[in-house]
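The structures come next, written out as structure tokens.
What follows is subunit A paired twice: with subunit B in the first complex and subunit C in the second.
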Partner chain A sequence: MTVARTPLLSVKDLTKHFGGKHSLLGKPRPIIPAVDAFSLDIHAGETVGLVGESGCGKTTAGRTILRLLEPTSGSVHFRSRTYAEARGPERADVVAADSNELRLLRRDMQIIFQDPYSALNPRLTLASNVGEPLRANKMGNRGERRERVAELLERVGLAPEMMDRYPHEFSGGQRQRAVIARALTLDPSFVVADEAVSALDVSIQAQVLNILLDLQASRNLAFLFIAHDLAVVKYVSHRVAVMYLGRVVELSPTDELFADPRHPYTEALMSAVPPPHRRKRPPRITLAGDVPNPAAPPSGCHFRTRCRYAKDRCVSESPALREIRPGHLAACHYAEKLTLRPASVR
Partner chain B sequence: MSLLLDVADLSVSFRSGRGRVPALRGVSLSVKKGQTLGVVGESGCGKSLTALAVMGLLPVPDSGIDGGSIMLRTGGSESDLTKTNSARRHRGKDMAMIFQEPMTALNPSFTIGEQIGEVLRRHEHLGRQAAQERSIDLLRSVGIPAPESRIKLYPHELSGGMRQRAMIAIAIACAPALLIADEPTTALDVTIQAQVLDLLRSLQSQLGTGILFITHDMGVIAEMADEVAVMYLGTVVEKGPTASILERPAHPYTQGLIRSVPTIEMSRELRLTPIAGSVPSLSRAPSGCRFNTRCPHAFEKCREQEPPMHVLDGSQQAACWLAGEL
Partner chain C sequence: MTSLIRNLDAKGLTGLAIVMAVALCALLAPWIAPLDPNRQDLLATVAPPAWQEGGSINHLLGTDTLGRDVLSRIIYGSRVSLLAGVVAASGAAVLGAVLGLFAGYFGGWTGTVIMRLVDVVLAIPFILFALVFMTVFGPSLVNLVLAFILARWVQFTRIAYGLVLELREREFIQACIAANVGHLDILARHILPNIAGPLLVVATLELGYVILIESGLSFLGLGTPPEIPSWGGMLQEGRSLINIAWWMTTFPGVAIMITVVGFNFLGDWMRDQLDPRTAGRDAVAGAGGGVR
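And then the complex of A and B:
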């Protein structure tokens, strides 16, 4: 992966607020900054993992990038082949795109949803579900679409003969593969995988992860891989971003993040994962309490209320996300000074 | 160490449109006093069903126990929980259960205090005031801050981790000898999971509780369990001490499970080796060894005869014709 090229996707200061205004009864609703100044570049063929606890804004970030949610502010630029063919310039402004332009862009940027039970239309056959993006974009006739669906099903390890069956006839793992096939129907270059394997049993999860890695290798796909399972994220990602209460607190090449975390939250998150063996390991760092209410986040550093290294400065001053080493960013005042424990002991 | 719970040759079946479907077939496992037995397996393997059978909570009339026994030994006496009304006498008092999803397991229309108090009033015959005081103590012991005000809250007003703690408080209200935890941390974030696992361990050492811990997470098993039972399609395929099962799994299914899970220590260049295919439905369970359709080592005998439990060195056992050779 060369860093010098222009990135495929360039997200700058993306912010999404929920709430605000007034409720039906006239009570003012609090503003919840679900995603706060999210910036990230993703290159072609690269997987960036996005981790954090529930409610940290990782799903909102993924959906706002695709403009499935309208951003409050910030910019998203995307190099799109389909857009360039129709409109000329290759770099498209996703936030400013009108509905026709969005339709063009979405051919190239797709999402794999978390829950395979609700992501497929139960009243359509597998062929119609997977072929829907083609129909919506008026591509091909019925025969051609079926041919394309057969090819896609094969690629994700489903027998093409199954295409006339309905979703309820399939297991969770098979359905999730159909959801992946649908995301690939229009041959996108960027896919947001939102907890794409979380609902699957481990033996099926391994199958689906291997399919995703193979597809990436053969199609040069870029992924934003959103997940809460750190081991899975480490397995698939080139780089990892860690989110806490709407903000990215650390972003680093994967191996470096796990070997040398520079944010106390990353350290605690990695230490909380029980390893599947009984070899000796240092005692776990247990974070006290819950994630604070996102409508009223703590002053200064959002993590300071649960941080074991917090000092006075953390209360008054919000730490910026800054480059500690080439390609390794952390949002902590003491990122260089703290001695933090790596994830792998060996 | 004396056995607290001894499940022997338990069979359970479900009624369906096409006759009875066997869901558990000859399940044998045991929990020792003050120790933790981990039960692992994928969805549909029967791990939750085993727990429900022990608790006497099998859905009626759609399911029933066809054979076997569930012996619970507490306070010098022994009772078979498969007998009518036997489980009900012990439930809540000698044995209690923590469910996976606290939001659906707790009653949304009663406060946390009322739900803990209910157990105490029924089994310990405490009055309203005394029950409330004990509820506050219990919430404090599971690490809920400001319990005096929290008992007045409804489940939806608590966070996921707090709800799970409240459910644990209900479960330990009568200091049960046996605690069944069915995926108690699956719905929680890892940082909250760490808190709940720490809590369960410290409660166990204080109260001497035996725990039947159901999970699909090998990491949680490694951390919590003294012994492990691995289930597949309604049967126990391997059991034994945790360390030997994790380091020297003898059954191809256990080996496959362990190899399917990425670990933080694993490099990206290593490829996962998934188990081929998917779990067949119970009504179409293969003959012979139930794992034979997905097993890389299966041969003719596996398709014809069901392998018995084969005792390996130590107390590790595996139901495989090739146990000890793989």
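And then the complex of A and C:
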């Protein structure tokens, strides 16, 4: 997609370290760079998929962008209507914002969580759960809020008559739709969908994905779609970023990434997905060993310890994320030269 | 409120009835009690209950060593037990829960200081602490309640702290932060209701403990003054005669037991009512009906 305007969201060198500080009367904990110099632009109405294995920093990246986790360094410039109305400038840095500015910015950015069972307060009715962002931002009176909640529930396919029931009376799929409705109450322009459908049955997954796509079309929503299921990511994303050990190793338009991966890790990740048809399946690329200890990552390229193409240069020199083709970035010294196998996902 | 009463089950009803009865005894003691609890009948000391040989209709549950009427003293004693129990247990609950909420939610230095303080208080044997406290400030009901609050809040703090630590990481709390819900609002509206059940159960247990502690301190001469009848005090007075005058210890003991059981039932029922999952609504009829 070609968008002339400045991106809705520009993440630049976002870094999040865990640990390091002394706990009271305790030993210093090792520094773990969960997210290391993460950079990404997201345009209005665009979905960027973020994939990688467990523990690679996907979720941390998503939460750090919203400042649910305090970033160690970097910037997140975000275009927010509420902020522009109140303060003037079109874009503001989420990382540098003080608490008042953050309140304004957060009105336009929301998050959908993975686990529908822990994402709703069990002591509040569905209406209170979904309407909580409105209440917190002092928008509308009780009646108006209920009206808005009813409208949103309808939008995600839940009967508004059920709004006075409690979360335990709903199924996982119903709850997840309520979680989506809550994320939309403030009418945000950017939503982090953190494994939004991973906990659901496959049939419900498709339903929820289609709701997300509908909402995106009607509201020009941008998504950062964090997932480990490549088929799902391929279905919803315009572009996909692949993360390994806290770093983005490849970023490309979706079709191109699946047809012509340019990073050995992407190749290996994709070979793990079973092909849709029972044709002769190419042998899986099995990565040797475990993910290295994130507190002491390997020198040079983080992936070199498990990469079957690794050479001496990969030990000494850390590859930069660079543009290989227009819009296709990869962090591998040999990105142009390697012959990598495309994905079998349709 | 009407729905609460409608949801009263057998357990809740029993608990409520017992607690109401004890409360009525305490409130209306001068009118209910057949005799002045401190009037000594020296012609009828250690008299057995009315239905036993040698008992008299004047003293239904017998008399103690000074000829004071056991029934009247139990009725008056409910005042001390109820007041001390309810005030001390709820005082400790409020103090402890608030500190536990803050320690668990904000963590950091605040949390560390509060939880280290909890460790310190836990390390001091309560009876020793109460003894010192009552010796320094003088034995009185107020001081007993104060001592209890100062020593027992830690029970609530520890439990609240652990529950909050777990809740804080739950996604609905993260969603609140992302939606600009204020910290105090999160604590009061999203965290407290989710930990109220376990705290309530601890409170009912602590309530029974206060009543027993009061008896222990009376034994050491540091409880409530002897002219104020209390169940704990009666237990101690009758202890040495338990072989020949069982009624002096049995009846106050039964009163303590019934009261504690009553509060436990009531607490259990309230906990269930606080939780929508067990609040006796038509949960089954509603589930799954919303998919279109």
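Observations on the structure shown:
Operating definition for what follows: the second predicted complex is superposed on the first by the 337 of 346 C-alpha atoms of A that agree within 3 Å, B and C clash if a C-alpha of one lies under 4 Å from a C-alpha of the other, contacts with A are read in each partner's own complex, and residues count from 1 in each chain.
Here, a residue touches a chain if its C-beta (ideal position, glycine included) is under 8 Å from a C-beta of that chain, and two chains touch if they have at least 3 such contacts.
None of these values were measured; they are calculated from a predicted model.
Taken together in the superposed arrangement on subunit A, subunit B and subunit C fit without clashing. In the superposition on chain A, A:R165 makes contact with subunit C only, not with subunit B. With both structures placed on the common chain, the touch criterion links A:A84 to neither subunit B nor subunit C.
Once chain A of one complex is fitted onto chain A of the other, the partner contacts of A:L338 are absent, as it touches neither subunit B nor subunit C. By the touch criterion stated above, A:N210 is placed in contact with subunit B alone, subunit C being left untouched.
Contacts of A:A231 after superposition on the shared chain: subunit B is touched, whereas subunit C is not. After overlaying the two complexes on the shared chain, residue contacts for A:T286 are found with subunit B alone; subunit C is out of touch.
In the superposition on chain A, A:I324 makes contact with neither subunit B nor subunit C. By the touch criterion stated above, A:A119 is placed in contact with subunit C alone, subunit B being left untouched.
Contact with neither subunit B nor subunit C is seen for A:I31 once the two complexes are overlaid on the shared chain. Closest contact between subunit B and subunit C, by C-alpha atoms in the overlaid model: 5 Å. On subunit A, the surface touched by subunit B in one complex and the surface touched by subunit C in the other have residues 171, 173-174 in common.
On subunit A, the positions that touch subunit C within their shared complex are 24, 63, 66, 68, 103, 106-107, 109-111, 113-115, 118-125, 129, 132-133, 136-137, 157-159, 162, 165-166, 168-171, 173-174, 179, 182-183, 185-186. On subunit B, the positions that touch subunit A within their shared complex are 42-43, 145, 159-162, 189-195, 197-198, 216-223, 242-243, 246-247, 256-266, 268, 271-275, 278-279. Note for the complex: subunit A touches subunit B at residues 53-54, 171-174, 201-207, 209-210, 213, 228, 230-232, 234-236, 254-255, 258, 268-278, 284, 286-287, 289-290, 343-346.
Subunit C makes touch with subunit A in their complex at residues 109, 112, 170-172, 174-182, 185, 189-190, 193-194, 274-277, 283, 286-292.
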